[in-house]
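Structures incoming, each one as structure tokens.
Presented sequentially are two complexes of chain A, the first with chain B as partner and the second with chain C.
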Partner chain A sequence: MSPWLEKQLHLIDFTLASLGRRKTKNIGLLVAYTLIVFVLASLTLFTHALRSEATFVLASSPEVILQRMVAGRHDLIPPDYIEKIGRLRGVQKKEGRLWGYYYDPVLNANYTFMARPADEVKDGYIMVGNTLARERGLAAHNTISFRSYSGKLFTFEVSAVLSPDSELLSADLVLLSENDFRKFFEYPAGHFTDIALSVANPQEVRNIAAKLSSSLPDSRPILREEVLRTYQSVFDWREGIVLTVLAGAILAFAILAWEKASGLSAEEKREIGILKAIGWETGDVIRMKSWEGLLISLTAFLLGFIAAYVHVFHLGAAVFEPVLKGWSVLYPSFTLVPTIDGLQIATLFFFTVFPYTAAVLVPIWRAAITDPDAVMRA
Partner chain B sequence: MIELSDIKKAFNQGKPNEYWALHGIDLALEAGKVTAFRGPSGSGKTTLLTIVGCLSRPTSGRVRFKGEDISGLPERFLTDIRRQSFGFVFQQFNLIKGLSALENVILPAFPTGRPRRELISAADALFDQLKLGHRSAAKVEWLSGGEQQRVAIARALINDPEVIIADEPTANLDTALSKEFMAILEGFTAAGKTVLLTSHDPLVVESSAVHRVVGMRDGRLTDD
Partner chain C sequence: MRPSTFAISGLAILSLAAAALLANPGQAREAEQKLADNRALVEKYGLTDLALFTEARYTRHPSQADLHSAFQDHPGALEHFPSGSLLAPRPSALKPHEPLAGKTTTPD
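What follows is the complex of A and B.
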């Protein structure tokens, strides 16, 4: 083995022995530091997984949704509107959609009611989202009644509960037949809420949106990528809120870790003096302490990250769930598919390991450049 | 072997608390001999040894080691010389607590990159020589004063230096242990090593193991 390598092994050896000698300080440091990494990693893993989930779920939604506007507000699509669009090159399918919101006083929650073709949901039946089913205690073949906005009572039988895979977006969803939808909301015949257009070529989506805007000036095309971006912004915004709320705690832990890492005890200073007197160079002392910093920060990073991974992907991110997941009143329950972004890990690594190493090195460097003769005078 | 010419050393130079510890020392020290520096506290003995042992630089004057001027060398080279050529036995022993005697002894050799196995066998040989083999795995804080000093001596010898510097080596030892130390000292000269030590202790300075006594007072050499 080369002397250089042998020397590094000696330094690591000594570092490990040093860490063991100051157990209380180092364990305290490790715990505080692991906690910071855990909180930050949980947050980034969770929001990243949510974004991926949203992208995954929205992948099967229509590329363009056309809404009609009156006085700048969303209005119903009149009966002849779909024909007005005519034939557009690249559009595979255009379909009028019916959907609306319903407030359920039982749960104090808003549901999204959406009409589906008769071959999917028959008259008198509904399909419900997993969260809604759970909250209202519904299962297939149960019946449930809703009082419409006009005061009439409608009773439906649950034909199926929607797959939990899409729960992030279908938490509060109720699917019913077109006839039932129109009767329940007293929706005018021939009118629709909006129009969904399927476009095969993603490059064409913007051109088609531009054509729609010019041929139907009173309409507003909404692109899937825009919806996705909105979801991303919502998650970013929530991540920001959590970070703001946790900023105090993170800062407190960071200060604790910094203080513990950078405070050199008299005993440590004395040891540095001894090492220098017996023939260690300033560089050797700094290298040894760098190993120490690296070992602590890497261990804390790995422990924090693994704990965050388990917390997010196996324990459902219990700590952040209420803030980060779902909207309105119903919180979807689902297991996130583990997705990890290399850049995110690298960023987290840089912002946790790097400041720590700097915190350790500055005081060590100060102590290491002092004259070794001080030890003779102790 | 070591020549000092007009060595002066000031602390806090240029500040109101400026203090001159050495006022122009001229001295030649022979190889293979034991030289004791005698003098009261504050006479400059320790300061002089730190300069000879490359632990600090003189404010002015020259230090020659084996004919080479080392007083102006950068820290890195001084450290190299210190590691290879000087072994230190400090008054307070300055062992690192929490480590075993063996780990303390091999510490000065870490920067050399010598294989661990080689270091351990060298340390074991020293422990045998110093009759400390049975205590090599014990943590240093569990050792008696005499045992701690022998660990410090083994540590000073691990890199096989030509010069041993011992600062008040018997200050923390009783008479029996002090005599034991002097016996070890004789072993050093028999092995051809040069020993420089400071002491107030008559048991040391009047010992037959000491070849030369250099008196110091107020940062100057005295005639006795």
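What follows is the complex of A and C.
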């Protein structure tokens, strides 16, 4: 073994023995440090994974959705509206969509009802999202009754439960046939909720939206890029809110770490004095303390990061669940696809490991360059 | 065992575990399949939003709601669903339709 390596190993041995002498204090610091890294890493991993997943899956949502507004409120699309759009160059398909909300007093939750063509869902049948099926105890071939807003009772047979993997998108979804949808909500014939337009060329989408706004002034086109932008901002906002809530804890930790790292206790000062008196060089003392900072901060970072990964991707971010759930009775249970932004992790590493290691050095250097006798007497 | 050997092996194990989490090929294939299935589901049903908050229409479908939907129960209404504080309004709803502004003859 090279003398340099042997020296470093001895320094680490000594550092560990010195840390062991103040066991409680150092373990406390390590726990607090790990917890802070855990919370920050969980937040980063969670929002990044949710943001990437939303961006990826919603990238195939309709290019343009056309809503009709009456007195600033969303209104039904009347029968001649689709014809009024006429032929627009670049629009491949125009499709009237039927969907709406239903409040279920059994669960005190809202469901999203959506009509599908007869070849997908037959009259009298429904397909339900996995969260809804779980909460209502439904499985394929079970029947369920809903009282419509007109007071009539409708009974449906569950033809299928949607995949549990899609819960993030389909938690509260009820797919039923167009006939059933119209009967259930007493939807006027020929009316639709909104219109979905498929546009072949992405460059054309804005032009088409502009044309729609001018030919149908009461319409409101919603572009796919706006949907994606909404989700970007939703998660930025949420990350910001949690960070604001955590700001107090982070500051408290910063003060603790700074106090621990920069202020030397009398015992530590005496220790440095003795080391200098028995022949340690200033460089050795600094190296020994650097090892101390690095060992603590690196262990805390690695433990915190691994715990955060398991928490977010294997335990469904249980710590954030109460914040996220809000009043949602039907909250999807989802496992996020692990996507990690290397830059974010590097930033976290830089802001947790380096400041601590660096903060340790200044007071040590100051104590180490002073005369051992003065240090020991102080 | 020397304490330093113990500490360095501990750190090495932790680093390897973290690296293994960062590059998990088996899980990646499964995850890609799940994402592709979900993307197909979105395309098939024309979905626009994540089902995170189902209590109000502007929290269930934030991308489809307009800026006033949280306050339109009656004139002077206040928003009363707490998830509204977790969901920012659409960024484009805060700005007057910038890309369309010059192109439309009537206001949006």
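Everything below uses one rule, namely that the second predicted complex is superposed on the first by the 298 of 378 C-alpha atoms of A that agree within 3 Å, B and C clash if a C-alpha of one lies under 4 Å from a C-alpha of the other, contacts with A are read in each partner's own complex, and residues count from 1 in each chain.
We adopt the following convention: a contact is a pair of C-beta atoms (placed from the backbone, for glycine too) under 8 Å apart; a residue touches a chain by one contact, two chains touch by 3 or more.
All values derive from a computational prediction rather than experimental measurement.
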Can A:R229 be said to touch chain B (first), chain C (second), both, or neither?
-> second
Looking at the overlay, what does A:A209 touch: chain B (first), chain C (second), both, or neither?
-> second
Of the two partner chains, chain B (first) and chain C (second), which one does A:T131 touch, if any: first, second, both, or neither?
-> second
Using the touch definition from the top, say if A:D341 reaches chain B (first), chain C (second), both or neither.
-> neither
Touching A:I274 in the superposition: chain B (first), chain C (second), both, neither?
-> first
Thinking of the overlay built on chain A, is A:E178 touched by chain B (first), by chain C (second), by both, or by neither?
-> neither
Quick one: classify A:A17 as touching chain B (first), chain C (second), both or neither.
-> both
After superposition on the shared chain, which partner residues are touched by A:D75: those of chain B (first), chain C (second), both, or neither?
-> neither
Kindly classify A:R97 by the partners it touches after superposition: chain B alone (first), chain C alone (second), both, or neither?
-> second
Chosen between chain B and chain C, the partner touching more chain A residues is C
Chain A residues contacted in one complex by chain B, in the other by chain C = 9-10, 13, 17
Using the touch definition up top, name the residues of chain C that touch chain A in the complex.
-> 2-5, 7-8, 10-11, 14-15, 17-18, 21-22, 24, 27-28, 31-32, 34-35, 37-43, 45-57, 59-64, 66, 68-69, 72, 81-83, 85-88, 90-92, 97, 99-100, 103-106, 108
So, in the complex, the side of chain B touching chain A is made of residues 46-47, 49-50, 55-56, 75-76, 79, 82-83, 88, 90-92, 94-99, 103, 107-108, 110-116, 155, 159, 167
In the complex, go through chain A and note every residue touching chain B.
-> 1-7, 9-11, 13-14, 17, 20-21, 267, 270-271, 274-282, 284, 371-373, 375-378
Chain A to chain C touching residues, read off their complex | 9-10, 12-13, 16-17, 53-54, 56-62, 65, 67, 69, 72-74, 95, 97, 101, 109-112, 114, 116, 129, 131, 162-163, 165-173, 175, 194, 196, 206, 209-210, 213-214, 217, 220, 222, 226-227, 229-234, 236-238, 241, 295, 298-299, 302-303, 305-306, 309, 323-324, 326-332, 337-338, 340
